[in-house]
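Structures incoming, each one as structure tokens.
Two complexes, one shared chain (chain A), two partners (chain B, chain C).
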Partner chain A sequence: MPASIRKKDFRQETFVRFLLIVALFTIWLGIIGIRLVYLQISQHEFFKERAISQRRDKVRKRMMRGTIYDRSGRALAMSVKARSLFLNPQEIENPFIAAEILASVFKFKKEEILKELLKAKQEGKRFFWVGRKIEEEQAKRISETLQREAQAKGLSVIKEQITGFYWQEDQKRVYPLGSLAANVIGFSNIDDVGQAGIELSQESNLRGAVVRKWQERDRLGRVFDSEMEEKEPPKDVYLTISASIQHRVEEALKEGVEKAKAKSGIAIVIEPKTGEILAMANYPSFDPNFYSRFSSELFSNRAIQNVFAPGSTFKVVSYGAALDRGLIAPDEVVDCGNGVIQIADRKFKDTHCRKSFQDSIVVSSNIAAIRAAQRLGEDGFYSYLRAFGFGEQTGIELPAESTGILSQKERWSSASLASIAIGYEIGVTALQMALVFATVANDGVMMKPRIVKEIRYSEGTYRKMEPEARKVLEEQTASVLRKMLYQVVLRGTGRLADPDGYTAAGKTGTAWKYDEKLKKYNSEKYVSSFIGFAPVQKPAAVVAVVLDEPRTERRNGGDVAAPIFRRIMEQILPELQIPPDEALVAEEKIETSNTDFSEVPRVAVQDSDRKTDEKRRRKRED
Partner chain B sequence: MKGRLQKIKRETDVITWRYSLVFLIVIVLLGTGFLYAAKAHFSAMNYSMKNERLQKEIEELENNQRKLKLKKEIASSPSEVEKAARRLGFRQMSPQDIQVLSKAKSVNNNSSEELSREAVRRQKDGQSAEEKQIKYAKTGDLKE
Partner chain C sequence: MAKKLQMDWLLFSVTAALAIFGVVMVYSASAMISLRETRGETGFFYFYKQLIFVAVGFLLMWVGAKTDYHIFQKKLVVYVLLIITIMLLAVVYAFSPVNGARRWIRFSGFSFQPSELSKLALSIFLAWYFTEKSPERIKDVLSCLPVVAILLGLVLFEPDFGTTLILTGIFIVVYFSAGAKITHLLLFALPLIVALMAFLWFSPLRMQRVMSFLEPCSEENSQGIGYQVCQSLYAIGSGGVFGEGFAKSQQKLFYLPYPYSDFIFAVIGEELGLIGTMTIVIAFAIFLWCGTRAAVGAPDRFGMLLGIGIVTGILIQALFNLSVVLSLLPAKGVTLPFLSYGGSSMVVTLFSVGILLNLSKHVGIHSIQYVNEKPFSVRRKRLRN
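After this line comes the complex of A and B, so read on.
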């Protein structure tokens, strides 16, 4: 074979080989290309999601529940960051050691926690609560102790985490003022859902929504970007309650209830001109921070949920209605026969005969009140009962408010008119009765009671609750009633309610309690009350005090409830910056029934000391 | 032979040089671009991380603020203040402690009165249900 042919063959062979390699490369690249096309186009979404999930994680977080403030911006209920500890029983290497550690740290009974842990493990559960809502500092200490104990006992701890033990971010509801206004504020449960009071009624405003947060991490797991789902943040609720006044009222009520050996007590303070509740106290009460330690009976707000027969305090309605229609005059003498009147099958007794209506209310005459109602007739009297709001909710922003009990007029017996006129055969709440006196104090205008002052949004805007009013009595009627009620405090059954430095008006009430078992009123059990306002000329506050079953020898409203009223007024009026008016009124010898307050001249207040001292001496003598 | 070879002058291909130069410039530009993009990327990452850290710090500070507020509220609760005041020798304010210098009219009272008057006026203007109810009440003909 010639050399040139051999050379040509060699070149051709090399070229073929080269082409072969190129072809192989082309095929290989082609396969890779096809695969890439398949992965990047057909499987695009699937791999995109996987890639995102590798570097992104989703965190679910609950926004902090809104705060409840009093009228001056003092926090009554707020949420703080806390942590909860849970276990994954399937990951726990040695349940015996885990139970031992938990028992020593949390003071659990070892056998009990071990039993529950083993049971959860056996049932295949992956979640087991150990401690919930632990405050951050405490959680930190517990975490460190757990780690130490776990290392000492041979459990694996990786990056400060014990295998199977997990901490979760949480929040805790705290009530910084403890039991103050507990029955008004209520409480929220372990899942941060309102269960009573404002916490329940304002749940939609206070509740913090669960928001999702996406975090992007780099290859070392460091978060470098995050995106939060947008949801409306919870709002803050401002109440009309004043923490300071509430404290004073609660202290006075507590002392009064204990002194009267009563079962329980209620006190309400209302600003008559606005209908704002300044204080609403219940005794005994509870501490919402530890609500599970208390009986659930204490959770109810008795001021709006308990219904009782008002007794003599209700006579204000009877007199007010008759005065408003011009059917009675304060100085008109009431004929009560020989002290007993019979209506249908019932006898109504009275020891105060041949007195004017003015003097009758001073001594709390039953027959005078019945006579006043009788002049109105059933229709007229019933219409006033409805106008005063009996038998319906007042509309206050609190849950489970009772309507009270007012029978339909058609169901009334022949004696119902007389019974209701003196505060029986009707069920009222303390708030309903307080509103009647607030109406008298506010020139016959009844303001809808309010306990929520405003709702504040996170961006700084707020929604203010507007007052609502309705006229129930004529201004003149209210003025006459105020004077009549002033006499009750000055020389009648409510003398112990007279506060130092201020004029006050009000009415005592002592009613028998209705016994569910006996199906009749029990003369052994009383509901004693005093409701009134001060100062008489320009009432700044209405205070209602109701004591359930006082057990002292003297247990009339004037003996047990009136002193509480007095103490409350003496403490809250200076706080409300109301100047003392007693000296001004006393100077003009206002004790006559025809006094016109508007004509009372102003005198130097320095004289008030002398007058007050005289009054104190008089009280001591009484 | 050697001398003849030495006389051969190599021709330079100007076009090739130009291409090479353009190629080099493109490479440098691209390289610079890549470097700049990389720097921007890592800088963005760095800022994002700093941002996240600051966000976390804000959360922690807000949390601390809440805790401090809680402590303040507990410390200044009416019962605590009363205890402290009594310890310091203060006593409960009584009506005698108030000195009226001029015709007394509290601001609160005035604003309350205005509110009350305003509510009544609105009520009258609006011909509301309550008004009708009162009308019924006056005529003794209330119907629900």
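After this line comes the complex of A and C, so read on.
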């Protein structure tokens, strides 16, 4: 065989053999092509979704709840950044060590937390709260301590995270002024939902929306793209309350309640021209920062939720209505029989007889008030009761407001007119009563009470609450009533209410509490009150003070509530920049005689308690 | 010489296109990593280096194309090349390991991977050897094994399992193509297969590792041993038909391991979709065709075997890389020729293509010029007898 032929054969063999290899390579390339089509067309959706889900995470974050400010911009309730710690029991490698660490950092009982943790793990739970709403600084310290402990005890810590331990961004509600105006502000619970007061009534404004945010992260956890849901940010609420006035009022009330050994007390300050509530105090109160430590009875705002028989302060309504219709005149002498008048089956007794209406209100005569109401008749009197807003809510921006109790005129007994005239058979709230005096102070125009001054939006705009007015009494009537009430403070039952430097007008009230068990008024339990305004000429503030069950020897409104009124007025009028006016009107002062009177209206003269009560009549020593 | 020497321009074009496209994709895949490593200074660190590698590679490719390939048939050249390669492979062990492997020789800012050179050295050696000696004679085959074993062994213990496989592939294909007896081939293959099986069988962990490629994204694998390949599938699958768009890969953001080298194909898949990946596959198919044409058309036995060795080396490496990225084969660190970042690989590969281009010049002229080629020495002996 020639060499060239042999050579050719070898060439041929190599050529064929390598072509076999090339065929294999080609098939292999074909398989890769098919695989590519499969991955990039058939499996495209699947892998894309998986890829996105591994780098994308959804963060649900609640916006910070809105702030509650007082009228001058002091924060009363605000939210601060906080963090919450929870465990995923399924991821906890060693519950025993975890419990040990938690016990040492959080001062838990080790056995208890271990038991709970093991139980949660067994039940397949993936969520286990350890600490909620820990303020940022503290959270940082705790986190560091936890990490140190975990590392020392051999738990795995990756990127400052202990396996199974998770910190969650959160917020915490704080009330910087503690218990100040607590019953007005209320509080919000651990889920940041308002539970009482403004926090509840303004929930829709204050609530921070949950914002969902999608973040795309690279593997190092750095966010390179994010998408956020648009949500309206929460609004801030400005109250008409003045923190400094509120503070003074609360101090005065506290002292007064303690002095009178009363069960509780209410004080309200209203600006009569606008109906704005400057202060609304309850004593005893609570600290909303630690609301869970207090009895839930303390959470209610008694100024608008508690209903009581007003007693003598209500006589202002009777007088006012009769004066407004021109049915009585201040100097007209009241016919009071022999001091006892019988209406239907009930006898009303009075020791003050043969006095003018002016003098009758000074000594808080029952019969004079009843006579005034009688002249109006049931229809006339009832229409004024409605006009003053009794039996319905005042509409103040606070939750759970009571309507009070005013029975339908059709259901009245024949004695009802007389009873209501002196403040019985009717249930009122302290705010309703305060509004009657505010109406008198504001020339007969009743302003709707307001506690929310304005709502501010995050972008700086705001919504002001517009005042609403309602004419109840003629201007002339209000003016006459103011003068009459001035005399009460000057020389009558309300003398202890007279503030230094200022003129003041008002009316005392001392009512027996209606006893649900006995189904009648209990002469042992009083609601003592004083409601009035100052200065008399141009009233700047209406103050209502109501004490529940004072237990001192002297416990009439004029004894226990009037001094509180006086102290409040003396402190807040300068604060409101009202110049003292007493010197200007000094000449109008009338010498007062040492009048002996009782102001507690006698509902049932048959009651044997009458005598004991008469003993308690005060002798005033000025 | 009747026919004018004509280089295969298609082979050159497809190589150049792949290399230049590679530079662009290396930039896209490495920009974020470069920024991170240079602390925000530049995103072009890897891009510039790759650009230089390609430039040097083209220069060497030109040199290869201009140099008559018969220079590698000279005994002295083969011996020197072998000795240099083996020495370099040995020197590697003097350097401290990177990621647990001693693959690099470093001197004043440069680094070199001798295992890349070993592919070309082995191809040249085998082409020369099986031209001189008969692949049919078991004694001749056995006597070349020590050299092959030293090369493979040095690479394997770096460790560089991927390159070892490629070297084995080159040996098997060249030996087979040169005219190995099938019985001999089986005789070699059998113990190798048995050894490989035993290697896996007695290490369940390794077995699990190897088999994880079947389902890299399963619950247990995706965060562990299957992580890299699973991320690669996410990237390629995400691309769909048209891809996310150039430079818009999200998987390269530290999810994909080595997105600019081993897994650059995944980035291409995510950014350019099926269109991009298929283009690459077709480009390698064209390269295979052109390379084969140059190899089998070579005028002499040495040229054929040299061409076969070079084409096989590049193709096997590409197929391995693609198969790993697509989870068709168990993971091993193999780069994609022309496209992946890496100086040694780029320079050696482009030089090898230069040799192929030189071979392509001789296609179709063998019968006239090389009729008097001396036959195998073995046959010479037999003739003498």
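To be clear about the criterion, the second predicted complex is superposed on the first by the 533 of 622 C-alpha atoms of A that agree within 3 Å, B and C clash if a C-alpha of one lies under 4 Å from a C-alpha of the other, contacts with A are read in each partner's own complex, and residues count from 1 in each chain.
We adopt the following convention: a residue touches a chain if its C-beta (ideal position, glycine included) is under 8 Å from a C-beta of that chain, and two chains touch if they have at least 3 such contacts.
All of these numbers come straight from a predicted model, not from anything done at the bench.
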Of the partners chain B and chain C, which touch A:Pro310 in the superposed model: first, second, both, neither?
neither
Chosen between chain B and chain C, the partner touching more chain A residues is B
May I ask you to decide whether A:Trp28 touches chain B, chain C, both, or neither, giving the answer as first, second, both or neither?
second
First (chain B), second (chain C), both or neither touched by A:Arg386
first
Of the two partner chains, chain B (first) and chain C (second), which one does A:Val223 touch, if any: first, second, both, or neither?
first
Would you sort A:Ala540 into first (chain B), second (chain C), both or neither based on which partner it touches?
first
Tell me the contact category for A:Ala243 with respect to chain B and chain C: first, second, both or neither.
first
Who does A:Pro95 touch here: chain B (first), chain C (second), both, or neither?
neither
Find the residues of chain A that appear in the contact set with chain B and again in the contact set with chain C.
218, 224
As the complex stands, chain A meets chain C at residues 3-4, 6-7, 10-11, 13-15, 17-19, 21-22, 25-26, 28-29, 31-33, 35-37, 39-41, 43-44, 46-48, 50-52, 54-55, 216, 218-220, 224
Show me the residue ranges of chain B that touch chain A in the complex, using the header's touch definition.
45, 48-49, 52, 55, 63, 66-67, 69-70, 73-74, 76-79, 82, 92-100, 103-104, 106, 108-109, 112-113, 115-116, 118-120, 123, 130-131, 133-134, 136-137, 139-142, 144
Report the residues of chain C in contact with chain A in the complex, numbered from low to high.
32, 173, 176-179, 217, 233-241, 250-251, 253-255, 269, 273-274, 277-278, 281, 284-285, 288, 292, 295-296, 301, 304-305, 308, 312, 315, 319, 322-323, 326, 328, 366, 371-373, 375, 379
For chain A, which residues are in contact with chain B within the complex?
64, 74-75, 78-81, 136, 174, 176-178, 180, 218, 222-226, 243-244, 246-248, 271, 273-274, 376-377, 379-380, 382-384, 386-387, 442, 445, 447, 466-472, 499-502, 538, 540, 570-571, 573-580, 582, 602, 605-606, 608-609, 612
